[in-house]
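Here you go, one structure.
Letters A, B, C and D name the chains as they come in the text, with residue numbers starting at 1 for each one.
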Amino acid sequence: MTGDGIRLLAPDGTRVPHPEHSIDLSPQELRSLYRDMALARRFDAEGVTLQRQGELGLWPSLLGQEAAQVGSVRALRDDDHVFPSYREHAVALGRGMDPLGLLRLFRGVDHGDWDPEEHRFHLYTLVIGSQTLHATGYACGLAKDGSESAVVAYFGDGATAQGDVSEAFNFAAVYGAPVVFFCQNNQWAISESNEKQTRVPLYQRAQGFGFPGVRVDGNDVLACLAVTRWALERARRGEGPTLIEAFTYRMGAHTTSDDPSRYRDAAEVESWRAKDPLLRLERLLRAEGVADDAFFAETEAAGEALAARVREGVRSMTAPAVRNLFDHVYAEPHALVDEERDAFDVYQAAFVQER
Amino acid sequence: MTGDGIRLLAPDGTRVPHPEHSIDLSPQELRSLYRDMALARRFDAEGVTLQRQGELGLWPSLLGQEAAQVGSVRALRDDDHVFPSYREHAVALGRGMDPLGLLRLFRGVDHGDWDPEEHRFHLYTLVIGSQTLHATGYACGLAKDGSESAVVAYFGDGATAQGDVSEAFNFAAVYGAPVVFFCQNNQWAISESNEKQTRVPLYQRAQGFGFPGVRVDGNDVLACLAVTRWALERARRGEGPTLIEAFTYRMGAHTTSDDPSRYRDAAEVESWRAKDPLLRLERLLRAEGVADDAFFAETEAAGEALAARVREGVRSMTAPAVRNLFDHVYAEPHALVDEERDAFDVYQAAFVQER
Amino acid sequence: MADTSATADTADTAHIADMTTTTMTATAAVERMTLVAALNASLRTALVEDPKTLLMGEDIGRLGGVFRVTDGLQKDFGEHRVMDTPLAESGIVGTAIGLALSGYRPIVEIQFDGFVFPAYDQIVTQLAKMHARSRGKVRLPVVIRIPYGGGIGAVEHHSESPEALFAHVAGLRVMSPATPSDAYWMLQEAVRSDDPVVFLEPKRRYYEKGEVDTRPGARPGPPGARVVREGADLTLVAYGPMVATCLDAAAVAAEEGHELEVVDLRSISPIDFDTVSRSVRRTGRLVVAHEAPVFFGAGAEIAARITERCFYHLEAPVLRVGGFHTPYPPSRLEDEYLPGLDRVLDAVDRALAA
Amino acid sequence: MADTSATADTADTAHIADMTTTTMTATAAVERMTLVAALNASLRTALVEDPKTLLMGEDIGRLGGVFRVTDGLQKDFGEHRVMDTPLAESGIVGTAIGLALSGYRPIVEIQFDGFVFPAYDQIVTQLAKMHARSRGKVRLPVVIRIPYGGGIGAVEHHSESPEALFAHVAGLRVMSPATPSDAYWMLQEAVRSDDPVVFLEPKRRYYEKGEVDTRPGARPGPPGARVVREGADLTLVAYGPMVATCLDAAAVAAEEGHELEVVDLRSISPIDFDTVSRSVRRTGRLVVAHEAPVFFGAGAEIAARITERCFYHLEAPVLRVGGFHTPYPPSRLEDEYLPGLDRVLDAVDRALAA
């Protein structure tokens, strides 16, 4: 169970049998998983580029975590709910989110203002760990409604140190909430490696709160899909929460502001390159004759098209007027906000006049 | 390991062998443990009485938890440090604290202002769970100093739900801090029973953070002493933290403000009366001929003397002048506090004059 | 182990069973009752009127809360609507946010003022901001009830007045009733609001009685400030527990020939500055009283804004009377520490003399 | 797994090894440096001068902190003195309290202003109160460094100005330097203080340069307010990132014939009201500027107290310019949102016109 975790697909692209978590996917499903990972990777690369070009303020790259995200999100039903952290771009795409919605946040024109109910994909959450409690509460709500939907909360290895995450584990356990805690252990919390955050493998944390924790090879999209599906089924059956630790690696910097050369060895990164999640699925697809060069070329072209759309979309994004800030501080009328808006209008009018 | 936990002394006063945690105590040590428990119980009863008489504002009774407290504190060396919650009266006595110090807090003449370094017994802490982090930090400090002292943090079953306690577990584990987390599971957090706080036995929590957790029969003073000693030795050897769950029962109300008849059955309380920690040690002492009627009579007399001293001490406690409040807000001079003190002096002088 | 949330179907059945019990009906009438009873009645009304309303907190179930504000509600509405939570305030508020996102309207009880701080992060960074962050797409109708203030002879952390720490934060509404009637109706208002509300209950007034008209027709509007005693010489502004103290002060001052106008703010964020300004323009003098420390307290905001608005009407500087820049004292000192009748009158005298 | 605290003896040896390296020496000189470099130098001095000083925080080790304030310090002083902590702010501050109780003097870094709130409970209920609670027997010399304020184009929660939320709390000191020199010396002061200090670093001024005299003889006294530009027409009070903005405003106003006196508050709790009063008695007008929202902000306290002290000297009401009662906006709006030159000048004009 330690080491790389549950694995169905080895780095060399061969299948690994597993007694509990086998999965049977059609060729089309396999291709589609690859395609989602490839599009996510291309999208992510474009995010990095756009930041370098000054079009975005910041970009947290998901490079290396495609399998963890695409595999897990594929396990969800349409009516399930996701509570992401801030790096779940592939999960967002998997939910059908408009990628430009994410980019508006990182361009700084809004804080990420999509409607979380539209694709049942909650707002990105930057305060580490907070969303795990929201996910737990949401799951309690679903259970109260008699719904069979479930919730997946995404968070990182560093987040597990936060009190909120432990409280979420405990509330979910006590209430038997239908929530899957999906921890992407990408080995780093900015510059801090796992051993600064925990003394034991993270999946073991769950046991102490009374629910199962499993480690899955986070670079194995098949295993991520299979294990998340299993955990979601547990949730739907009323068996409560599950913790999944997807053992993966953050191949890039923490964000575009970060310089990982200050704290980690190139050799470590290199060693993970051999476990690349796309490469191993490509090997499987080719070995089993499920996809050919044409498919990969077509996928690449789709990626380029996505990147072009994103590039164009980002460049034409403009910020709303400051005045709009006052509109949604409260849902209902608020004297102080109104007063400040009025004063701001007067100020701006005078200012425009002066010029 | 579940059930009542590690036990060396059965409710009927017979010894129970244990492969790892046996303990060999002299007759005098055995008598002394009984005496401490009896004095603590008498002291506690006096606290309740004084509150009923209006001499104290509040009293949280430790009735039923004498063995957990006396056994654990007896395991400490003089140079070890205790971070209590607010019900650790027997621990306080075990550290040599003046009982009147505790009572000043509950009389409302101060917030409990003893010098924590005098008996290496920190201030009572009312914000649930906070002190577990202080204990962890203190233990880190001891380790940095190269000291071989260790720290014991006391807290309740309810406290385990707080994020701070999980964070303390994690920090202690990551830093390998010489701290023993001593959880008195008295089955109730005010009106909430264990299953409202946790899905699994509490001692299991530790495992998920990477250190051992054990349950001990909290009404068995010998087991509490033996297991705490073992945990402290681990700490001293640099093996890091241990969680001890002392499985006991709060025989009284949460505090004198509480009315447990609203939420628990008399039958439950009754069933625990059979496991009384004093009674079982008395049985042992008598069965093994270690103590006779004279000893018990002498102990009772000592209890009465303590109660009398406490009663008298409490009745003569007066509150300091409000003006003194300004003295210790800061360790160094502070303009605002000085200004407010001056204004208060002027106000009081004028007020006195008016009369 | 009992699962208080339970699986979907048992939850549903329990819920339906609850709905059919007669105890579900809130009685509407004019009655004399304590502030606690008014809050209890208001929660009952909320639970009856909207099945999406939930109560959450520590010890609010069988115990009925340490102040009995939720007395009997779990018995009548079931564990699914009146939820005892684990002892973790951040968890309570964070979970309440999630429940609100899923369509519920949680009313959270924090056991004492001093124990809200573990939840402060969830309140300030999440609860307050999510509506704005989503540009209006998300609404979080969460009420956080907090018994607050001193005067009950309690130990440390049980007598705090943290209102300024919430009022400074955009996205929260902060209100505090002073009477049983306001307790009933302002809580109704808080529950109906689609904004998060920090609802501060003056615990030392919990057992004071007043007339409460719970009939739907008696519903007043959203809580603006209210002139609770008229007077021409000086305006005395207070809220929550200090309103009664200020009314007493006004009565004493009247004997000495000074007519004080007492304004009960009711809402601390936003503040109804129009009502206060109107009063100060007439009286020319203003004293603000609260239990919370004066430094960076509500009095500062009121003094600053009213001075700005009424600069040419003020005959004396606005004076503030409140807590000192010290931790709340041990209980045997609180009578002298709290801004009581004498300290309020002292400030009034100084303002009148200026 | 590496144990960063280590057992006693290895810790000790590592420590002694550290002490012998030459990098331990802080160089004392007059130098032009950025505010970040000044903070770094100040921390280095603290680590050299007192072996009980410790740094704690997220990513402060090899990375040197996200702003590089602790750059090189772990390398030079070892992991026992410069501790990367788990990602848990309450844990960091709570553990720092314990370390302080055991005789250490922890200097904690909170990575960004918006992430201090998980630690708010430990700061407010424990750190601030323990000295008073023990009636002076316990001292908690803990410094909490927080990069704060906006203007760097950051995402949500990275541009907050939470000073009022600390200043209201008795037992804490709150200070904020505006220049590299003050950054160096005020941090020295904070580290030497036996009181807990919330040390707010104006992150948008991190890379501005100034002359810093780090020679021991250059040590100024504890940080009172400082008149940084003299003027007779109006007093402009600011602190931290807004001091430079106010100096710019004064320069522009001078061109228009108005002489503004600019006061850098430096300490936000306590506030040096004497210096501000002296200035206002001369100028008769006061504008207070800060990034934090105006409502319940520092400007309220200053306006209230200065009006009380200088009522008969004020020719116009004190005006406040600052953040709106809205969450901090997305970064593309921050230039317009922040109280910049124009908004400060607008307030100055209004105050002068009144």
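Methods note: a residue touches a chain if its C-beta (ideal position, glycine included) is under 8 Å from a C-beta of that chain, and two chains touch if they have at least 3 such contacts.
Quick caveat: nothing in here was measured; it's all calculated off a predicted structure.
Set side by side, A-C and A-D show the greater C-beta contact count at A-C. Among the other chains, the CA centroid farthest from that of subunit A is the one of B. Note: centroid distance subunit A to subunit C, computed from Cα atoms, is 39 Å.
The distance from the centre of subunit A to the centre of subunit B, each centre being the mean of the chain's C-alpha atoms, comes to 45 Å. Once the centre of each chain is set as its mean CA position, subunit C and subunit D turn out to be 33 Å apart. Per-chain CA centroids place subunit A at a distance of 35 Å from subunit D. Those residues of subunit C in touch with two or more other chains are numbered 4, 85-86, 88, 90-91, 114, 117-118, 121, 125, 132-133, 156-157, 170-171, 269, 295, 324-327. Multi-chain contact residues of subunit A (touching two or more other chains) are listed as 110-112, 127, 161-164, 167, 170, 174, 195-199, 325, 329, 334, 336-337. Residues 3-9, 11-12, 15, 80, 85-86, 88, 90-91, 93-104, 118, 121-122, 125-126, 130-139, 170-171, 173, 193-195, 269-274 of subunit C are the ones that touch subunit A when the two sit in their complex. Residues 57-58, 105-112, 126-128, 158-159, 161-164, 189-192, 195-199, 257-258, 262-263, 319-320, 322, 325-326, 329, 334, 336-337, 340, 344, 347, 350-351 of subunit A touch subunit D in their complex.
Across the interface of their complex, subunit C is touched by residues 110-117, 122-123, 125, 127, 130, 132-148, 163-164, 167-168, 170-171, 174-177, 238, 325, 327-332, 334-337 of subunit A. The touching residues of subunit D, counted against subunit C in their complex, run 90, 114, 117-118, 120-121, 124-125, 128-129, 132-133, 156-157, 164-165, 167-168, 170-171, 269, 292-293, 295-301, 303-305, 307-308, 311, 316-320, 324-327, 354.
Partner subunit B is touched in their complex by these residues of subunit C: 1-2, 4, 58-59, 61-64, 66, 84-88, 90-91, 114-115, 117-118, 153-158, 295, 324-327, 329-333, 336-337, 342-343, 346.
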